[in-house]
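See the structures that follow.
You will see two complexes here that share chain A, one where it goes with chain B and one where it goes with chain C.
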Partner chain A sequence: MSDPRLTLLLALADDELVMGHRLSEWTGWVPYVEEDLAMSSIAQDEMGHARALFEIAATIDGRDVDALALGRDADEYRNAVICERPNRDYAYTAARHYLYDTADAVRLEALQASTFKELVEVVGVLRLEERYHGDHARVWFERLSTGPVEARQRFAGAMSEALPEAMAIFEPLSGEDALLADGTLPRSGEDMLATWLATIGTDLEAVGLDAVLESGSEPTVGEMVPTSSGASELTDDARPLRVPGLARRDGSWVHAGEFSGAGGRQGRHSDDFPALWEEMTGLYRAHRGATW
Partner chain B sequence: MVATLETMVLEALSRVMDPEIPVCAITDLGLVERVEVTDDAVDVTLLPTFVGCPALDAIREDTERAVQEVAGDRDVRVAYVYDPPWTTDRVNERGREALRSFGIAPAQPLPVLQIAIPCPHCGSRATTIESEFGPTPCRTVRYCTSCRNPFEGFKPKG
Partner chain C sequence: MDVWEVFSRRTADDPLVHVGAVKAPDLELALVLARETFFRHGEGVDCWVGRRGDLHRVAQPETLGGVTDKSYRRADGYVGVGAKLKRVRDALAARGLTVDGERPDGKR
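For the complex of A and B:
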């Protein structure tokens, strides 16, 4: 993985692929049919977005789209750990959906100004579609945060748990300096994290869920484990990812501290990942080259 | 000769239907961005409606087959591009009429608010949106309070 553009593309594509896979697990299980369609449709969109990003990655990597999406070992995936967490209940699903989609919106807006032409073209189209995901996430944010006591409590609890891992969406990429230098990545992860925190901080304060942000004020140490032999070159990143804490300064929420250690962007995943990987890639691994 | 072939290719394309809305030609949905005819090849450039649309591969194969029938010995290449982005404004009046006949309300021209969209069954504008997500990535679910039928609307994009 010498080309840092490939690192960026795989981070983006793997987030969408794994998020789409998780959301697709709701198909048939959501309590009412309109929401089942919505969740399934969003899952389908995310898979399509992953495919469009893998198509660009394939031109750099040489492997085809299916091999990139489904033919890699577990520790070659670069998705943020938040994407691989099980859906649990609808409170957690909705909290993660809101956090992920607001973060994705910040990231895509930044990438619209990239010098990487093929990526900019895809990003332009993805943003037109992600708008609907953002609307959907906001509907649930409002419904659960202002809902009956149990809904609000469960949503706040889920948000507290998801927030630190959502911050790790902006974990620095290996080769990020090079991506910034040539304008492929117009803004650093740290910089985008600041924008995102200010946005969600305002949203959470508006519905009186500041306590969620307090819970993110202590830096979080992940419980991540390497997913395979450990042969990957983890250098000084052998420690688990430590996500910076939060502090309220001059009326908005900022991150206090820096990322250290390694998480999903370096291929270090949670112990929830191997089972997801087994299922997601099982058919491909059993029947390589099969066609419909 | 080349000009004639281009006309024949366009005609062939106008017979390629969207597999999920089989009354709509891909030319009327605005999927065809470019046709280039050279001495040894025909290149057709398409735009995906929604990136996650599962019909994209089927549309490409149908397009290749239809163009090959008129292209003779020339190579036929069909590719999707993302620039310019496909938007609902690319659906022409014939496409809009075909959508209506299929029970799908076309999107209003953007950036007009997507309210009071006429019911494709009775024409009433007393309709509401039930869900922005429907049975395919490109459709929404709406409801007509006049004839009391649920109906699908094309999801506005652009």
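For the complex of A and C:
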């Protein structure tokens, strides 16, 4: 994977693919049917967005869209770990939905100014649909954060757990310097992280949930994954990802420190990923090239 | 004075459709005026009014239905599946195989 543009495209596409797969698991099980349809549509949208991004990736990589989406080994996926986490309850699903979609909005807005023309074109289309996702996420954010005590408590708890992993959406990509140098990526991950944190910090403060940011104290993302050699090497690449800490400065929330170790963007996934990968890719692996 | 949107059902089997609006200071007068403004010739069998301020437009109506390929949501996305299934079934039958497993019992 020498072309850093491919690294970027796979990070974006894998986030959408895996997020879409997880959300699709709610189909038929959401507490009421209108919300079930809305969530199912969002899941389908994310899959469609993944497809559009894989189509560009295919022109660089040579493999076709299906092979990219479903034909790679588990450690070749570059999605952020938060996308692969099980849905748990609706509080966690809604908290992650809000964190993911607000982060995605920051990222897509930045990419609108990319020098990578094919990507800019696709990003413009995706943003039209992502705006609805953002509206939907925000409605639930407001309902649950201000809602009855149990809803608020569960939402705050879910938000605290999801936050460090959501920060890892902005984990540096390999080849990020090259992407920044030629303008493919107009803003660094850390720069976008700062914008995103200021936004969600304001939202959380507005509903009195800033304790979520203060308790964002578990900075390690994912579990220790044994290396192929079985050795517990202590090189940086082998350590689980640590995200920066959080601080409130001059009236807004900022991150302090840097990412270290390796997470989803390096193919280091959580214990939740293999089962998802098995299910998501099982049919493709059993019947390569099948159509219907 | 408020504007009240007026909706009508042409026959009992028809859907409610928007037919126009009336100005009225309150609900009672809106109902009375809508009746004579739109139904003097028996144009419908049912009439509803709603304050314009209580009706709201969705954001970005131009993206209703999505802007990426959603053809899989339409029934024509399934055209030919039955024929394909029959071809496969026949081809397997020629080899003495069957694709008809046990049917689910309809309960989950």
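Everything below uses one rule, namely that the second predicted complex is superposed on the first by the 274 of 292 C-alpha atoms of A that agree within 3 Å, B and C clash if a C-alpha of one lies under 4 Å from a C-alpha of the other, contacts with A are read in each partner's own complex, and residues count from 1 in each chain.
What we mean here is this: contacts are C-beta pairs under 8 Å (C-beta built on N, C-alpha and C of every residue); 3 or more make two chains touch, one makes a residue touch a chain.
On a predicted model such as this, the values are computed, not experimentally measured, just so you know.
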Partner chain(s) touched by A:49 [first = chain B, second = chain C, both, neither]: both
Partner chain in contact with A:128 - chain B first, chain C second, else both or neither: both
Touched partner set for A:260, first chain B, second chain C, both or neither: neither
First (chain B), second (chain C), both or neither touched by A:199: neither
Touching partner for A:87 - first (chain B), second (chain C), both, neither: neither
Superposed model, chain A: greater residue contact from chain B or chain C: B
Touched partner set for A:37, first chain B, second chain C, both or neither: first
Common interface positions of chain A, toward chain B and toward chain C: 41, 44-45, 48-49, 51-52, 125-126, 128-129, 132, 135
Complex contacts: residues of chain A adjacent to chain C: 41, 44-45, 48-49, 51-52, 125-126, 128-129, 131-132, 135, 292
Complex interface listing, chain A residues touching chain B: 34-35, 37-38, 40-42, 44-49, 51-52, 121-122, 124-126, 128-129, 132, 135-136
Touching residues (chain side chain C, partner chain A) in the complex: 59-60, 63, 66-70, 72-73, 81, 84
Contacting residues of chain B [partner chain A, same complex]: 48, 50-54, 81-83, 85-87, 130-137, 141, 155, 157-158
